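One chain, chain A, links the two complexes that follow: it is found with chain B in the first and with chain C in the second.
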Partner chain A sequence: MKLYWKYYFFPFLYGIIFSWYASFQSKATHFQIWEAVALFNGGYLNTANSKVVCCILQNYVPFILFSIVFSTYIYRHFCNCSVYFFTRCENRSRWYTKEIIKLFGFSTLNSIFILLGHIATGLISKKIVFSLDQMWIVGWYISLYSIWCFSLTLMANILAILKGSAFGISIVFSVQAIITLLLLTIDSKKELSGSNLKRMVYNPVSYLVGNWYRVYWRGKKIMGVEPCNLSMTTGYAIWGSVCIAVVLFGMYVVHKVEIIKSNKEI
Partner chain B sequence: MLLVIDETKTIYKKLFWVACLGKELIMKLVLKDVYKKMQKQVILNHVNATFESGKIYGIVGRNGSGKTMLFRAMSGLMNTEGEIWLDEKRLGKDMRILPNLGIIIENTEMYPEFSGYTNLKLLANIKKKVKKDEIKNVLRLVGLDPDDNKIVRKYSLGMKQKLAIAQALMEKPDILFLDEPTNGLDDEAVKNFWELLRKERSKGTLILLASHSKEDIEQLADEVYYMKSGSLFKEENNER
Partner chain C sequence: MIRNIKAQVQILLRQKGANVCFLLLMLCVILNYYKNLKIYSGFEKICFPSIATLFTMSDWLDGIGYYIIIFLPFLIALPAGLSLAKETKTNVHIYLVTRCGGKFSYYFSKICAVFIVTFLVFFIPFMVELLLNWYTFSNGLSKDALDVLWSYDTHQEGMGTLINTMAFHYPVRYIFIHILYVCFFAGGLAMIPLACSFFYDKYQAYLMMPLYFAFAAFDRMHIKILGSKSTHYYSDYFVWLDGQATSYDMKRMAFFVGILSIVSSLLILICAMKGEKK
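This part shows the complex of A and B:
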C-alpha cells in the first residue's frame, strides 16, 4: 500500500495551486471553505456554457489522475501473479468487498487532500471562515465526489479485467467527457426552463456542480445560484445508483472471470 | 534446524493418524471426463485420471499440449465440463479452489515492483498461515536471500523460478502442481529442487509435475502420463 501514498501529493498540490491562482481573481479578504468546493473557479455562473464546461473538465484533473493511478488497484491481481493469488483466495466475494472498501477510502482521501490544499493556501493569504453550514457543503463535496470518483475508478478496474487497462481507462473517460460535453446543449441565452432545464436535470454531471444546487440550512440558503434548482437528494440518488450498479457488476465479473491469461498487459 | 523440526512434526502427525485409523490416509484427486473448448479449439479432451497423495506424477507433453490448462482446471481457476473430485468433495460445487494447493504455472510472474520477500508476504497475507520467519526460511531453502531488496523486475530467470518454487512450498501444501518448474534453473539448483520434491513426497504430498522433457520426469516420477492435443494417456503410444 505504501506504493500508493505518494500519489496523494498531487491532489494536495492541485488544491494549493488552484486556490492560489483563484486568489488573484478575488479581492475578498475572507476565504470561505465552500468557495473551494462549490465549483472551484466556476464562480457564480448560473448556467452551462463553454466556460463552465471548461471549469468542470478542469476540476476533473486530480480525480482523473487518481482514477488512472488506481485503475489497476483491483485489476493488478488479475495480471502478474493471478494464478498464485487466486489459488489462495477461497472467497472472492469477501476479497472483492474488502478491496472496494479500501478503494472507497482512498477515493475519499483524494477529495480531502484537494480540500486541504485549498485550505492551506487560504490560511496563508486570507482569513478562513468556518461555520456549521459550510461544513455541510464540505460534507456534500467530499461524499459525492468520493462516490463519483470511486465509481469511475472501479469501472476502469472492471473493464481492465475484461479487456485490458488501456480499454478500461479510455472507455470510462470517454463516456465521462461525452456526458460532460452534452451540457453544452443547454442554451445559456435562453431561460432555464422546459427542455433547456431538462438537459441540466437529466445529466448526471450537473450534480457535480455545487452552484447548480439549491441548499438551505436552517432556513438560510447556503448554496446555489438562481434559477438552478437541483436537488441534493437526487444527486446522491443518481451517483449512488451508479456506484451500486458498478459494484454489483464488479462482483459478477470478479466471480465469473476465469484466470486463464497470465498477464493481459504483455 | 527449524525445517528439520517441521519435517519431523509432519511425519509424527502422519504416524499418529495411521495409528488411530489403522490405515494410511490417502488423498485422491479424481478427474472424470474433464472437457474444455475455447474459441472452437479443444483444450482438454475428456481427461480421466486418478492421482493419490505421496506420489509424484509426471506429465510429459510439448508446449501447447494442454498441461498448463489441465493445472488451471484442476486448481479451480477455470470452469470445465466433467467432474473433478478431491476425496468426497467436488471442485466447483463443494469448493471453489483446491484447498492447500501449491502451484507453479509457466510464464506466471510475481508483482514486479516488489522484492521477493514482499511478494511472498503479500501472498501469505491471503491465508495468513505462515509467519515472517517461515517465509524467510523457505526463501533460504530455494537459495534466495530473504534480505535482498532487489525488486522482482530485476531478477534473472533462475531467481524468478526459485521465487515461484518458494511461493508454492511456503504454506506446506498437500497438493503441488508444478508446470515446468526447472525452467531457467542451473544444474545445481535443479538437483536441490529434485531433492526438495522427494522430501515433499515422503511427507505425503500429491505432486503433479509437468514438463516437455521426458528425461526430467522419468528421473523422479512414480507414474508418467503423456499429454497431446488436450488428451491425457498413460502409455506414450496409446494416443486417442
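This part shows the complex of A and C:
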C-alpha cells in the first residue's frame, strides 16, 4: 500500500482542477456534492455529440493512469521469481481472490480521491452543501466507477499475463476508446428515439455518464435530461456482468498459465 | 553542436511517439479536407469560402479541430517530450553523453532536437493542408470581389478580434502565421515534460500530466495575466477565427509560453550541469 499511496495524488489534483470552475468562478451560490457527481463524465447535454464524447474521453485520464500503474498488480507475480512464488502458493484460486479484492479496494480509492478533490475545493469556497438523503447518488458513482475501473485494470493484467504488459494496456484502452467513439454514430440532429436511442442504450459507455440517467427522488426528478432515460439497474447489470466475466476469465488464465519462461518485456 | 542536434533529431524522428503523433495529425487534416470537399463539391468557384475558414484549427465548433484541441497536451508531449525519460530509464543517455562530448552538449542538443521535432510534427501536416486547400479552394477573385464575398461571410463577426486585416485580405499568409504560432507553442511547451523527466521517469504517462493539468486549469480561468483580467480559454489561443482572444492576448500568451519554455530549458541545463539527477 505504501508503494502506491503517492499515485493517489493525481486523482485528487484532477478533482480539484475540474471542480475549480464550479467552486470559485461560477455565480452559483451553492452546489450539492451529488450535483458535481451527476455532471461527471461530461453528460451535460441531452445527446452525444463530439463535445460530449471528447469530455468522456478526457475524463478517462485519471482512470487510465490508475490502470497503467496497476496493470502489473497481478502480472508481476508471474514475472519476478514466479517459480518460487507459485511453488509456495497452495491454492491459486484463494490467492487470486485475495489479490482481486485488494485491487477492487484500490480502484474504489481512486474514485473516492477524485471526489475528495471536488469536496476540498467546495469546502474552501464554502459553496458545497451536504444533504444526506441524496448521498446515494454519490454511492452510485463510487460503486459503478470502481466496478468499471476494476474490470479494465484486471483485463489489462490478464492480457499482460498472456501477451505482455504493453499489449494488455494498449488493447484495453483501444477497445474502450473505440466503444466510446461509437457514441458518435448517434445522430444529434435527429430525435433521440428508435434506432438512434438504441445506439445509446446498448452502448455500455453511456452508463458512465451521470446525467443520462433517469433518477426520481420522492416523486421529483432530480437527475437526468430528456430524452435520455437510462436506468441505473441496467447500468449495474451491464458493468457487473462485464466484471464477473473478466474475473472468471482471469481465474481460468491464472490456473492455466504455469510460469512465464521467456522475458516478454524486452 | 549542429552535428549532435542533427543526430538527436534523426533518432527522435525514428521513434514510435513522433510517428504516431504525425500520423494522427495527418489523419485529422485529411479528414477535414475530405469533409470540406464533400460540403463544397457542387459549388461554383465564386462561392468557395476563404481558405482561412477551412483550416482544421479554425474549425472549432463541430469539427475535427475540436479533437486536436482537447488532446493537445498529449499530442505535444508524445513526439519528443518523453525521450529523456526513455533514455535515462534504459541508460542510453550515458552512451549518448560520451558520444556528444559532454553533458552540456548532450542536453543542449536534446532541448533543440525536442523543439525541432515537435515543431516539425505539427508543421508538416498543417502545411500539407494549407497547400491542398490553396490548390482546391482558391477562388482566384479580384480583391474587390473578395471584399464583397467576405462581407457576407458568417465568420466576420468573430473577425474583429485578431489580425483581422490580414485574414481579410491575405488568407494564405494569415494561415501560415497561424500554423507557425501553433507550432512554436507546441515546441515551447514540449520543454515542460522534458524538464519534468529530470525528477521522475518511472511511468512515462505521468510526465504528460503537468501539461494536461496546466491546460485544464487554464480553461475557463478568470485570472489576471500581465495586465487584463478576463476569462481565458486555452482553445482561444489555438483557434483564431472562432476564438475570443485579441491579438494583444496572443502576444502576451506567446511571451508567457516563451518564458515558460526558456525557464524549463534552463532548469534542464542547470540540473544537468550540477549532476543532481533525482
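Here is the rule we use: the second predicted complex is superposed on the first by the 250 of 266 C-alpha atoms of A that agree within 3 Å, B and C clash if a C-alpha of one lies under 4 Å from a C-alpha of the other, contacts with A are read in each partner's own complex, and residues count from 1 in each chain.
Assume contacts are C-beta pairs under 8 Å (C-beta built on N, C-alpha and C of every residue); 3 or more make two chains touch, one makes a residue touch a chain.
Model, not experiment: these values are computed from the prediction.
**Student:** After superposition on the shared chain, which partner residues are touched by A:Ile64: those of chain B (first), chain C (second), both, or neither?
**Tutor:** second
**Student:** Quick check for you: in the superposed arrangement, does A:Ser50 touch first (chain B), second (chain C), both or neither?
**Tutor:** Touch status of A:Ser50: second partner only.
**Student:** Kindly classify A:Phe18 by the partners it touches after superposition: chain B alone (first), chain C alone (second), both, or neither?
**Tutor:** second
**Student:** Using the touch definition from the top, say if A:Arg76 reaches chain B (first), chain C (second), both or neither.
**Tutor:** first
**Student:** Given the touch rule stated above, what does A:Phe86 touch, chain B (first), chain C (second), both, or neither?
**Tutor:** In the superposition, A:Phe86 contacts chain B only.
**Student:** Is A:Phe10 touching the first partner chain B, the second partner chain C, both, or neither of them?
**Tutor:** Touch partner of A:Phe10: chain C, not chain B.
**Student:** For chain A, what residues appear in both contact lists, the one with chain B and the one with chain C?
**Tutor:** On chain A, the chain B and chain C contacts do not overlap at all.
**Student:** Could you please specify the touching residues of chain A with respect to chain B in the complex?
**Tutor:** 3, 76, 80-92, 95, 258-260, 262-263
**Student:** Mind listing the chain B positions that touch chain A in their complex?
**Tutor:** 38, 69, 72, 75-79, 95-99, 101, 103, 105, 107-113, 119, 123, 126-127, 164, 167, 171
**Student:** Applying the document's contact rule, which stretches of chain C touch chain A when the two form their complex?
**Tutor:** 62, 66-67, 70-71, 203, 205-206, 209, 212-213, 216-217, 220-222, 231
**Student:** Enumerate the contact residues on chain A facing chain C in the complex.
**Tutor:** Counting only chain A, the residues touching chain C are 10, 13-14, 17-18, 20-21, 25, 49-51, 54, 57-58, 61, 64-65, 68-69.
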